[in-house]
Structure formats: C-alpha cells, structure tokens
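Every chain is named by a letter (A, B, C and D) in the order it is written, and numbering of its residues begins at 1.
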Amino acid sequence: MNFDPLAAILLIPALAAALLAVLPGYGPTARLNVVAAFATFAVALSLFVTRPSPGLYLHVDDLNNVFIVLTTFVGFTTSVFSASYIRHELETGRLTSTFLRFYHAMYQLLMFAMNLALTANNIGLMWVAIELATLTTVLMVGIYRTHEALEAAWKYFILGSVGIALALFGTILVYMAARPVIGEGLDAMVWTTLAARAADFDPALLNVAFVFLLLGYGTKVGLAPLHAWLPDAHAEGPTPISAVLSGLLLNVALYALLRFKMLLALNPKAVAPGPLMVTMGLISLVFAAFMLYRRRDIKRMFAYSSIEHMGIIAFAFGMGGPLANFAGLLHMTMHSLTKSAIFFAVGHIAQAKGTQQIAHMGGLTATHPLLGWGLVLGVVAIAGLPPLGLFMSEFLVVTSTFAREPWLALVLVAGILIGVAALFLRLNAIAFGEPRGACAETKASYVPMFVHFALVFVAGIYMPPALVAWFQNVAKLLG
Amino acid sequence: MTLIIASSCAAVLLAVAALAVGIGRSPAATPTVYGLCLGASAVSLAAAVTHLLGTPTPIEATLPLGLPWLGAHVRIDALSAFFLAVVDLGAGAASLFALGYGRHELAPTRVLPFYPAFLAGMNLVVLADDAFTFLVSWEFMSLSSWALVMAHHRDPDNLRAGYVYLIMASFGTLALLLAFGLLAGPDGGYAFAAIRNAPPSSALAALVLILALIGAGSKAGLVPLHAWLPLAHPAAPSQVSALMSGVMTKVAVYGFARIMFDLVGSPAWWWSLPVLALGGVTAVMGVLYALMQHDLKRLLAYHTVENIGIIFIGLGLALAFKAYHMSLAAALALTAGLLHALNHSVFKSLLFFGAGALLTATGERDMERLGGLIHRMPQTAFMFLVGCAAISALPPLNGFVSEWLTFQAILLSPQLPSWGLTLLVPTVGALLALSAALAAACFVKAFGITFLGRPRTPVAAKAHETDRLSLAAMSFLAALCLVLGIMPGVFIDALAPVAQSFAGARMPVQAGVDWLSIVPIAESRSSYNGLLVFLFMVISGTLAASAIHRLASDRLRRAPAWDCGYPDSSPATQYSASSFAQPIRRVFGTVLFRAREHAQMPPPGDPRPARLTVVLRDPIWETLYAPIAGAVGWVTEHLNRLQFLTIRQFLSLVFAALVILLLVLALWP
Amino acid sequence: MALIVDFAVQGLQMLLVLMLAPLLTGLVRKVKARFLRRRGPSLLQPYRDLARLMRKEVVLAQNASWLFRVIPYLVFAATWVAASLVPTFRTGLLFSWSADLIAIIALLGSARFFLALAGLDVGTSFGGIGSSREVMIASLAEPAMIMIVFTLALIAGSTQLSTMAGYMLSSAVGLRVSLGLAAVALIMVAIAENARIPVDNPATHLELTMVHEAMVLEYSGRHLALIELSASLKLLLYVSLIACLFAPWGLAPPDAGGERLALGLASYLAKLAVGGVLLAVFETSIAKMRVFRVPEFLGAALMLGLLATLLLFVSRSL
Amino acid sequence: MRGLTFDIAHLLAGSLVLVSFLQLYQDRLYALLNIFALHALLLALSVAWQAYAQNAPHLYLTAAIALIFKAIVIPVALHRIIVRLGIHREIEKAVGVGTAMLLGIGLVALAMVVMLRVTAEADPLAREDLAFALSVVLLGLLMMVTRRNAVSQVVGFMSLENGLVLAATGAKGMPLVVEISVAFSILIAFIVVGIFLFRIRERFDTVDLHALDRRRGERP
C-alpha cells in the first residue's frame, strides 16, 4: 500500500496515546512518548515533499503545512523536555505513576487533536478537534490536584465550553450560509469548496458567523477580554503543558480564526474582519502589557506575555497586506518557538527554586548560569530585541502599519514598550542581583531550549528562501 | 575593498565574541579577546582612514542576510567612513587600555563576550545601508552595552541603571522604527537607496525629524532624554564607559546625521529650530548637572551630555545654512560639529581611562574620598590633566578648535534671512559660551579635588600608579589631543568630502595655509593657529624659566603650608567637591535644581560637629519621568483587579463582548 | 626685509607690554593713593617688588606638587602670548592671525584654569575659597566676553583684532547702540577679570573678601613674581584691548613708516595713562560688593552683551 | 403542508424561547430543574419535527438523546447532587429578576434584528429558526451570567446548548449533528461530574463558584 503521511501524523499520536495509556513505568513510557513525537515530526517533514491532494476531511496546503511542521516539532522538543521535567516531578512526588500514565496518554492525545485541527478540511471536524484539544488540556491542567490547579482547570473548562459553544454556533451559521450556494451535505463544510464559492455566500450570515467564531476561537486564542482562563491554566498546570498551550494550542485556535477570516475576505459584501481583529489585538496587547507588572508567579507572567503576543499577531493579520500578514505568520512561528523555550527554562528554574514565586528567585545567572542566561535570552527574544526573530516581525508590523495607520502604530508601540519594561523589571529581579531563595541542583535538559533559541536567532538574521516563499504565498492567500 | 575589510572586521569581532563565550573562564581569555579586538579595530580604522583620505566614492554591497527579500545592504561613504574611523579609534584605544585594565576585572565572563559584540554592533550601525540592518545593529549595540552595564549586577544601583538604560534604548529604537516606517512607506522600501530616491513630503519629514530627534537623541543623551546616560555609563567597566560615552553617543550622532542630512532630502529652515534649541539647552543643563556631581564617572557622563549638545548645535546650524543653500557656512558648521564629535571621543575616552585607573588604584569613584593622587600616580595625573584642559576648550588643545569653529559658524548666522533663527542663534551662542566656561570650572573641580590637595582617605593615600598598557592607551590619546589641537587643518581637510557631499560645499583647503593655521572663511575674517600658540607658550614659558633661574635665584625651601598662619589642619579642612561647587550651586542651582542648604549648628559648648546638608532635586526626572512611571503604576493598579474576578464575572465579560459585537452588526449600515 | 621689520615690531610689542605692565599697575596705585590723600609708592615700586621677589628663595608648601611649580610659568606664558597679540600701537602684527579675539580670551581662560588648580594644590581652605570663587566669576565673565566679541565681530565682520581695529578706525562704523552696550559690558568684564574693586580687591588680605589673592596665597618668591607680573600684564591687556577697540585713534596701520609708529606709540602710552587714571578714579569712588552680588554684576554684563548681539542680529535682518 | 410544517416548527422554537424566559424568571432550584426538563422536552419535540420535516432519520437519534439525557438523566442527577450537597434551595442572583427579564427581551430583540438582516433567499424556516436559536443561546448565556450558583449555571449552559442543537437541526442537511449533540452531552456530563468531583475530592463547602475563586494564585 502507498504511504499516506497525512494519515500517519494522525495515527501515530493516536496509537501512542492508546499504548501509553496502558504501559506502566516511567522510563519506557517517557522514551516512547519522545519517539512517537519524533516520528510524527519526521512524517510531518515529509509533507514538504509529497503533499496529498485534499479530501473531504483532510487536506494540506501552504498555510497549515508550516503549522503542522511547527506543531510536531515543538511537540517533539517539548516531549524531550517533559521527560526530564517529569522525572523530577516523580522524584519529588508531586506526580504519582498512575497520573504519569494518564499524563503521557493525554499528551499524545493532545498532539493528535492539534494535528487533526490543523489538517482538517472540514469546519465541523476542525471544531471537534479543537474541543478535544481543549478537554485534554483541561484534564492536564488539573493534574496536580491542588486547589489552585483544580480551580484553574475548572475556570478553563467553563470558559472553554462556552467558547466551544459559540464557535459551534458560528460554524453552523457558516454552513447555513454555504448551503444555498453549495447545496446540502458535507460539501458545504469543506474548506476547499467553501473557499472556492465564498464570494456568493450571504454576507449577513457570514458576519454573524464571524462574530461567533471570533469570540469562540478567540477564547482559545486568549484575546482579551476572553483571556481569563489562560494565565491560571499556564500557571497551575505542568510546565510542559504550559509550553504546549502557549506555543501550539493558541496558534491552532488562531489558525482556525485565520481560515474563517480568509473566507470573509473572499466575500466582498461581508464586513471586513480586519478592524475587529485589530481592535481585539490592540486591547489584548495593551491590557496584557499592563497586567505584566503586578505578576508574582513567573509562569503566570509569561502567560500574560503570550496574550500580549497573540494580540500583536491578531493585530498584524487584522491589518492585512503582504507585509503585515508575513509579519503575523513569522511572529506566530517565532513566538511559539521562543515562548515554549522560555517555559522550558522556567520549568527547570521553578524546580530548582522549589517555587514559582518571583519573590523567591534572584541572581540566577550567578547560581544557575545556563538556566539564568537561557531565561535572559528568552526574555530578550520575547521582548522583540534583535538579532532574534521576533524583532523582524515586529519591525515589519510597526513600520508597515505606521505608514498606513499612524495612530494604531503609536498604540502598538506604546503597548510593546510597556510590555518590555515590565518584562525586564522582573528579569532584573530573577536573573541578576544577589542570589535569593533555595538553590537546588536540577538535572535539566538544556538541549530543547537552546535548539529553539538557535532557530529563533538564525531566523532573526537569515531566513531560508523556501520558508519565505511559503509565508509569502500564505500572506497573499490571507489578503 | 574598504567595505570588505570593514565588514570582515565586524565579522571577526562577532567571532571573537563567540570565542569569548567559550574561553571566558581561562586566564588567557582577557589578553586574547582584547588583543584581537585591538587588532580588528586597528585594521578597520586604517581602512576607514584610507577611504576617507583617498577620493571617497561610496561603495555598496548586499549580503544575503536580514530581510529575506531585501538582504542586508552595507555601504561606506564619506560620512560613514569618518564615523567608522571615530568608532574604531575609540575601540582600539579602549581595547589597548583594557589589555591592562581588564586584568583587574572581577567578573570577566560577564564582560569578555559582550565587549567585542558591542564593538561589532557599533561598526555595523555605521556600515548599514538599509533600515532593517541599521536598526538590528543599532539595537544589538544597545543590547550588548546593556549586558556590559549589568556586568557588576550585584550592585542595586547598576541594576537600576541597566533597567533605565534598556527601557530608554527600546524607546529610542521604537521611535527610529516609526521614523523608518515613514521613510520607507507602506510598501516597505527599506533600502536607504530607495528612501533617498523617494524623499518624504515636508509634513512627513517634520514627523521624521521629531522621531529622529527622539530616537537618536535618546541614545546620544539629548536633554530631556539623557536620564539613562549618567546612570548607565558609570555603571559599566571603565573601558566600556569610555566606549559608551566617547563612541556610542557618536554613533547616535551618526544616525541623526544620516537621517537628517542624507535620507530626508533637502531640509526646511525651521528644522534647525528644535535641533539648535535642544542643543543649547543640553549643553548648559549637562554641564550644570555635572557641576553638582561628586562621583567622578558620573560627572564625566554628564559632560558627555554637554558635548553632545555642542555637537547638535553644530548640526543644527548646518541644517539651517543648508536650508538656505549657504553651502560654505553649512560646510563650516557641519565640519565643526563632526570635528567636535571626533575630539570629544578622544578626550572623553582619555578621561574615562583616567577614572578607571583611579578606580583600580583606590576602588573609589567618589571624589570626596580622593585627593592628592598627583603624588601617588603622577603619569595618570598628567594624562588626566591634558584631558581636562582639552575638554575645557583651552588652547592649544583640540577641544578649543572645534568650539572655535562652532563660534565662527554662529558668527555667520546673521546672513540667515529668517527671524526665528536670528533670535535663536545668538542665544544658543550665549548658552554655548556659558557651557564652555562652566565646563572649565567643572574640570578645575574634577582635577583639583581628585588629584591635588591632600588625600582625604587612607585608600587615596596608599594609591599606586596604574599599569603600563593603560598608561600607553592614555598617553596615545593625550598625544592625539595635542595633535588635533595644533594641526587641525589636516583633519578639516579630511572632513572635506563629508561636507562636500552632505552640506553641498567644502571648507577652503587648509593644507595650503602657511604655518598650519586654519582659516574657516577668509584670513581677514578669522584665523587660528594652534601650532604657533603652542610654540609661543612653550618658548615664552621656557624663556621666562631659564631667565629667572639664571639671572635670579633658583633656591627653594619646603615648609608647612602658610594658609594665613593657621596651623596645618586635617585634610578634612580642604575644599571638597561640593563646597567647591557651592558658589555656582548658589548662582544656578537654586532655581534649576531647587538646591537647598540646611546647616545644623550645635549650640555653643556642644562638641558635636555642625552639619551642612544640601538637597538637590532633578527637575527633568521629576517633571517628566516620575509622572509617566506614576501613571503606569496607577493603571496597572486598577487593571490588576481583572486578575481576581470570579468565573461568572469573566463570563459576563465574554457575554458583554458578544452583545457589543452583535450590536455593531445590527447597527452596521 | 619687510619680514624682518615685522619680526622686529612683533618683538618690540612683546617687550613693550612686558615692560609697561608693572608701570600701569604702579600708576593705578599711585593715583589711587593720591585720591586717598596719601603720597603712595613711586611709579617704579612694582618693578622693585618684582625684582625683590625674583631674588628671594621660594618657600614651597610640603605637599605642593610639580604642577604647583609649573603653573606660574604656564600662567605667565599664556598671559604674555595673549597680551602680545593685542594690537597696541600698530595693527597687523606678524603673528596676529595666529589667534583671534576668541583665542585670546581662551588663552586668558587657560591661565585662569591653571591658577585655580594651583589654588587647590596645597590643600588649604583659603586656596579652595579663592579657586571656587574665581571659577564662579569666570563662568559668568567668559560668556559675557564672548557675547561682546560677537557684537564686535558682527559689526566688524571679523574676529581678527587687527581687522576689527581697522574697521573701527574706518568711517564705516557709525554710532551704534550695541556698540555702546558692548563697551559698557566690556568694562564690567575687565573689572571682574582683573580682580579690581568692586568685584575683588587686589590690595586686601582679608580672608573672606579676597578671591584672586586667596588663590595665590601659597606662592612666594619668583613664582609669586611671575603671577604678579602676569596679573599686571592682564590689566594692561584689557586696557589696550578697550583702547584698540573703542579708541583706536593713532594706531599705526601695517604699512606704517617710522613716524606713524612713533605716533602710534605715543598715543598708546597716552591711552594707557588715561585708562589707568580712569580705573583709579572708578576704584576709589566705589565700594567693594559682597561676593554673591558679583554674579548679578556679571549677569548684567552678560545680558548687556546678549542684548547688544540680539539688537545687531535684528537690525541686520531688517 | 409546507405552511403547517413551518408553523409547527415555528411554534416549538418560539416556545423554547418562552421556556428560556421562564428559567430566567425562576428562583427555586427544583423548579428550575423541572423547567429545564420541559425545555429539553420541547427541544426533543422540535428536533423530531425537523427530522420528520426534512425526513432525516438520524435526527431522531438526536431527539432521543435530548429526551433521555437532557430531559431525564441530567435533571435527576442534578436533583441528587442538590440533595447530597445540601445546596440552598433558592438561587442567589447577581441581577434581579426584573432587570434579567428586561435584558432578556433586549437580547431577543437583538437576535431578531441581527438574523432578519439575512437575505430572504435563505428559506424562512431556517431564518426564523436561527433567530429563535440565537435568542435561546443568548438567554442561556444571560442565565449563566446572572446566576451565582453552579447548578443554575449548568442549567444555563445546557439551555444555551439546546439553542445550538436547535440551530443545527434547523440547518437543513447539516452533517455531524448527531456527533455534535453527543459531544455536547459528554461535555455536560463532564461539567456535572466535575461539580460532583470537587465535592468529593476537594471538600469545597459549596460548589458556588465563589468558593473556587477564593483560592487564588496571587492575591496582591
């Protein structure tokens, strides 16, 4: 039989999940987790060469290809990180082996759900996949069974469910809009056909649909004021999950949003989705930037920074145009790499310090040079300072915006500056100054973190033409 | 060719930085790194100078880096060649100094990797020829220097300094980002060539001017954006302080010149108004701040602010003249400004090296705890004295030449047809004169309190002369101060191509004038000859000395100080830095800094010492920075409540968003 | 040939100022004494003082540094060079183009710079008082002086003293407000710079009132002699400066023959005498002011200078 | 025939909205549960009717789920929980009944306005249904927002979801409807179990969400 990569990237995680659910013991399961993640990544890479033709349920195009590869890659590195992280958790007894099995199974299930959401060629399927992803992450956030963890999970769950419901309503509306044109049945939910015929859809229905989708998937993206679940979920869950949440799940939800934005953009009579996204983006950016100041929990702080960057990305896509869209895609990629790397560092730091409270950290560059400088590097990157990748995207966003909408650009710049100030205020306390707090040794795995940073660094000064070509195609698609 | 050499030198520096990360801990690291830096910058300097002296036609190249569809453009023309020379001159001197000074570094692993990176960043800024490369190098320079400021991170003051520095740096970069956004236009023509071909409309250009003033000014230390500078420059290790004060600020000047003289096209006359006004204010404020300091390195940092003001006065005049197509005058003003940039980088580096030598010798930066060091470290004292004289614009040293040229440029300004300028320029001239005089006063204080008199603390009494390499670096710069002072014509001629291409004309050729004197416009109008003045002074001084020693007595007897017959009292009775500044503080400080002196006199018979406390307040910090910080704090305070809502309340946020959006749809036309 | 003559004239000028300086000081002292109904020392007393000081041994404070011993020569050199570049009896001196008015002021500035350092070197409180007050005065006097230079330079279209004097001689210069303001300001600055009453009192040794004298308190012997000499040189310089700018009559042009030179010399001596007498009159008719009134005095000078310049700018641009 | 199907569907959908209002009005938990059961019943009926009208047999399955799961199982389960946890029988409201009602009416009006802008080509059935569905959704959300304790919020969420199912079934020939309704039932089951679990594991005194919020990561 011929080998179908598309099926593979879905089957591998699914099978792995099933296996991990039954296998006992730390060593083998962790290894299996890594292996499965790597296999998925390898297969995803093969998508670059052989791209299967779109079916009723699954398809691959320039847009999601990049995301699939990114997702599987970060999933792989995160699994490596999580191996060392979880070992420490087991040793300190924060996790028991039963939960460990659960954890690994859920991890692969999450991978499966995200891959499904990315490859889905069917808005219904995509919706189901994202719901699945949400549920799995909910369960993983609550895994520590502390008051805070349960509460975070509960909050995430309730808000997520509402989001899901809204998204579904939007999906139904899209179907309603498509049906008169395309006809009943599955075709009316297939991306490729939808995109082809979008111009003739009923604009009013599309508008309402987009409002619901924006709020529904926007809840997953964590745009303010729908962000409430995000900081706590990041803060209370296991750090690998925080990394995956920030690095991947937000992207996946944003990806879904982009798909629908494209749909609307194709319809001349519908409202321009741009202004909505720009507004929400700016609100999220400025709001998160201010919220960064009073954070005492390091993971919650970086969660807010994720909100901030999602705001920037939404802003970029809202502005539209080749430059801004390119910047948005680049920013998405760079952010997920950087933020997950930061969470790798933060996870080990929290383990070394035995707390997530910033007040009990200090002088890390002196006590744990690699972790400390890793964190510094991460913050420098996330603050959008050159020569790291996020600078390029911010450069493009700001410059391209200022020539078109000066005032928006000023708000954007102000938000970014406020955020940078907050981040470095905390960084000073964490990484420099006299060492503070407990100082345990950790068997940290630095490789994933520095691999990510290396990629971000390279992207900041040199981007391979192939990637650029993809991004530019997609940027054109996004209009 | 030059371009290849220059950029490869930058690449070498980056490689050295990477190397330093690797070998940072080994004892051989310090000499290796600084040695390599010295070599690289020397080569690059040679390349720049040859390019400047040869007929400098712009050379361009594009590397497959940076923005994918744009690539990294690098280019070297007269302006960048000149600033490349300034950068690498300072870099070379600093590296030489650090070869000796760096050995006393406590945390080499926090300095060595970033030092070459810093140098590379500055080189690249000067070479960059598209907005992206320029800003990347610019911010890279800030970032690496930030890391150097944080080198001694255990001191809370340094932490704060680093923090303020980074914020101001990002602020400036963002401003420049916006400026380039305007220049490049919506479809992103980021290459400087493209920008040159499509200069912005006058309204946009005005916005660019403001943004460039903010962006480059915040890096250069224009008042009121200088706040970070006196915090950050002293916090770094001394060779880095020298670089930041002497060189990095010049890179900022380069950025401003590049944008205003090259990219935005022909200027309008009123552009010069803010530049001149800010320049004048900066010059005076800077020196007044400096007079109130008793931390030596901070004092020097504030003087950087002052000199930046002088440089900007030159640039502003050049803009004004250029706007009215008075090319010759523009050339004079521009040359004056750039020459002062060069001079300042020389003597400011020299002074910071001196401060560094003191730091290693005594571990003190506070002048109130020094004194009498001229006996313990005579060579350092001599070099420092030369630096002081130079920065105080005393003939025949170099500081005087550039200020003299600036005055000459000001004296040409009545030919400017516009009212605003005719009223502003003489005022600026007065401010310039005032700042020059105050600078002299300030350096009498700096040198007198630090090196003269009697040691105020044991550490000062037990200080020892610094090492040879540091001295070599200092004497090199001191010699340069004299050379620049007595044969300025050479350098003015070297600057001719810059003036030619950016002011539209060049100053008259100085090489022809006999006795190496300089003639800005015409000999009947004004001329100055540093060499002759120098010779005159030497001759008459030696003449007098020999005559007196031969004809009259040369007997000499040591005795206790006379001091109006008071018995020799403790060193504490000497004038201290703050008491020396007291008259000037009373004259200027009472208004500007709201200086208040509280004297607590114990009642008669009470043995307690009387106490004099002086309260100074920083007007700019209080009126500009504190309110902003307060506002941010207020907003965060109030927004932070949103972190603590119940799930229901969060749900109602979602609900509200939904309803609002639906309403928007319902009301959509 | 011409070159030799120029050299001769330049040398003559240098010697002349050097020789005349103490005489001027002596004259001022004499006249003041006369006004006070004293006989006063003879006109030649300053020469005698100098000679005596020269012969005396130097008593150096124990912790005086090498700088302390070098400074008198530096100060003397700077002042002498400055004084020898001001046209006294003939414009267009050989080396006049080597330093214009701004440079001359800067030379005096460097003299003051080093003298102030000397005040701090021994590390006594009086030296400190002197230096700090001196620099405070200077920090106001110099900008005022620069403003005056601006005014004159803008009128004469040059900062070159010879050219300026030549222009002042010519009929082109009418009666100008700014010129008057500048003259007043220049006189005020001159008084301050030369530590004359009402700013400072050259004759006093009352600690709390003295400025210049406190600075040089630790000097003795030949060092003191040099400093005294440079002080009187400076006085001479300012008088001749005022003379050649505001009363340039009789100045010999560059291409003057013997008799014009003689005339110039004579007129110069006359001007000096007049200047000295006027100074004495002024000094005896006014009381010394408190140190912290000095800034106001000099601030007034600065404002006058600035006003003069502004007037000029405005009138030019009309 | 056409008219009749339309009218009946219209009637059922309209009565769903009405019942939502009743829920909004209700301030006793048990009564609320009963009314919700009614809500679910009506949903089941209307889904069944749609199944008949579009002769799409799979919709009967959805109807059945609605009937059994939502109209019977869940209310009973919640009933049990209330007894087991000894929750106060009356509902704490954040907003008074009157205002809630007013808001509700405003929302229904909004839903109508938004939906009636849809071009008439889309067949009226779908259009009206959508309008009603949207109002039910909004009312459910309003209920979640205005009620303080978890049970009534769950009820609110479920009626919201009823609105979704109504919309889904109203959309002719929409695939995956059954799957979706199943998925949602699972979701709701999760919620209910969640409430229950917290009681067992974490000894929260009440499932009033306030108690959950009391333990917070970072109080200033």
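Note that in this section a contact is a pair of C-beta atoms (placed from the backbone, for glycine too) under 8 Å apart; a residue touches a chain by one contact, two chains touch by 3 or more.
The model shown is predicted, which means the values in this text are computed figures rather than measured ones.
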Any chain that touches subunit D and subunit C: B
Target subunit C, source subunit A, minimum contact steps: 2
Distance-maximising chain from subunit C - centres being C-alpha averages: D
By number of C-beta contact pairs, the top two chains: B-C
Chain closest to the middle [Cα centroid of all protein chains]: B
Inter-centroid spacing, subunit D versus subunit B (mean Cα positions, whole Å): 69
Averaged-CA centre spacing for the pair subunit B and subunit A, given as whole angstrom: 44
Intercentroid distance (Cα basis), subunit D paired with subunit A, Å: 31
Where subunit B and subunit C are represented by their mean Cα positions, the distance between them in whole Å: 35
Of all residues in subunit A, the ones touching two or more other chains: 154-155, 158, 162, 208, 294
Sequence positions of subunit D contacting 2 or more other chains: 114, 117, 141, 144, 153, 209, 212-213, 216, 218, 220
Interface hub residues of subunit B, defined as touching at least two other chains: 640, 643, 645, 647, 651, 654, 658, 662, 665
Topology of the chain contact graph, where touching chains are joined (line, ring, star, complete, other): other
Touching pairs - complete list by chain label: A-B, A-D, B-C, B-D
Residue ranges of subunit B touching subunit A (in the complex, touch as defined): 64-69, 131-132, 135-136, 139-140, 143, 150, 153-154, 156, 159, 162-163, 166-167, 170-171, 174, 177-178, 180-182, 184-188, 190, 632-633, 635-637, 639-640, 642-643, 645, 647, 650-651, 653-654, 656-658, 661-662, 665, 668
Subunit D residues within the subunit B interface of the complex: 94, 107, 110-111, 113-114, 117, 138, 141-142, 144-145, 147-148, 153, 209-210, 212-213, 216, 218-220
In the complex, subunit D residues that touch subunit A: 114-115, 117-119, 121-122, 126, 130, 133-134, 137, 141, 144, 153, 157, 160-161, 163-164, 167-168, 171-176, 179-180, 183-184, 187, 190-191, 194, 198, 201-202, 209, 212-213, 215-218, 220
Subunit C partner contacts - residues on subunit B that touch it in the complex: 371-372, 374-375, 378, 381, 385, 389, 392-395, 400, 404, 407-408, 410-411, 413-414, 416-419, 422-423, 425-427, 429-430, 433-434, 436-438, 440-441, 443-445, 447-449, 452-454, 515, 517, 523-529, 532-533, 536-538, 540-542, 544-545, 548, 551-564, 566, 571, 573-575, 579-584, 586-587
Interface residues, subunit A side, partner subunit D - complex: 124-125, 128, 131, 135, 145, 147-148, 150-152, 154-155, 157-158, 161-162, 164-165, 168-169, 172-173, 175-177, 179-180, 184-186, 188-189, 202, 204-205, 208, 232, 235-236, 294-297, 300
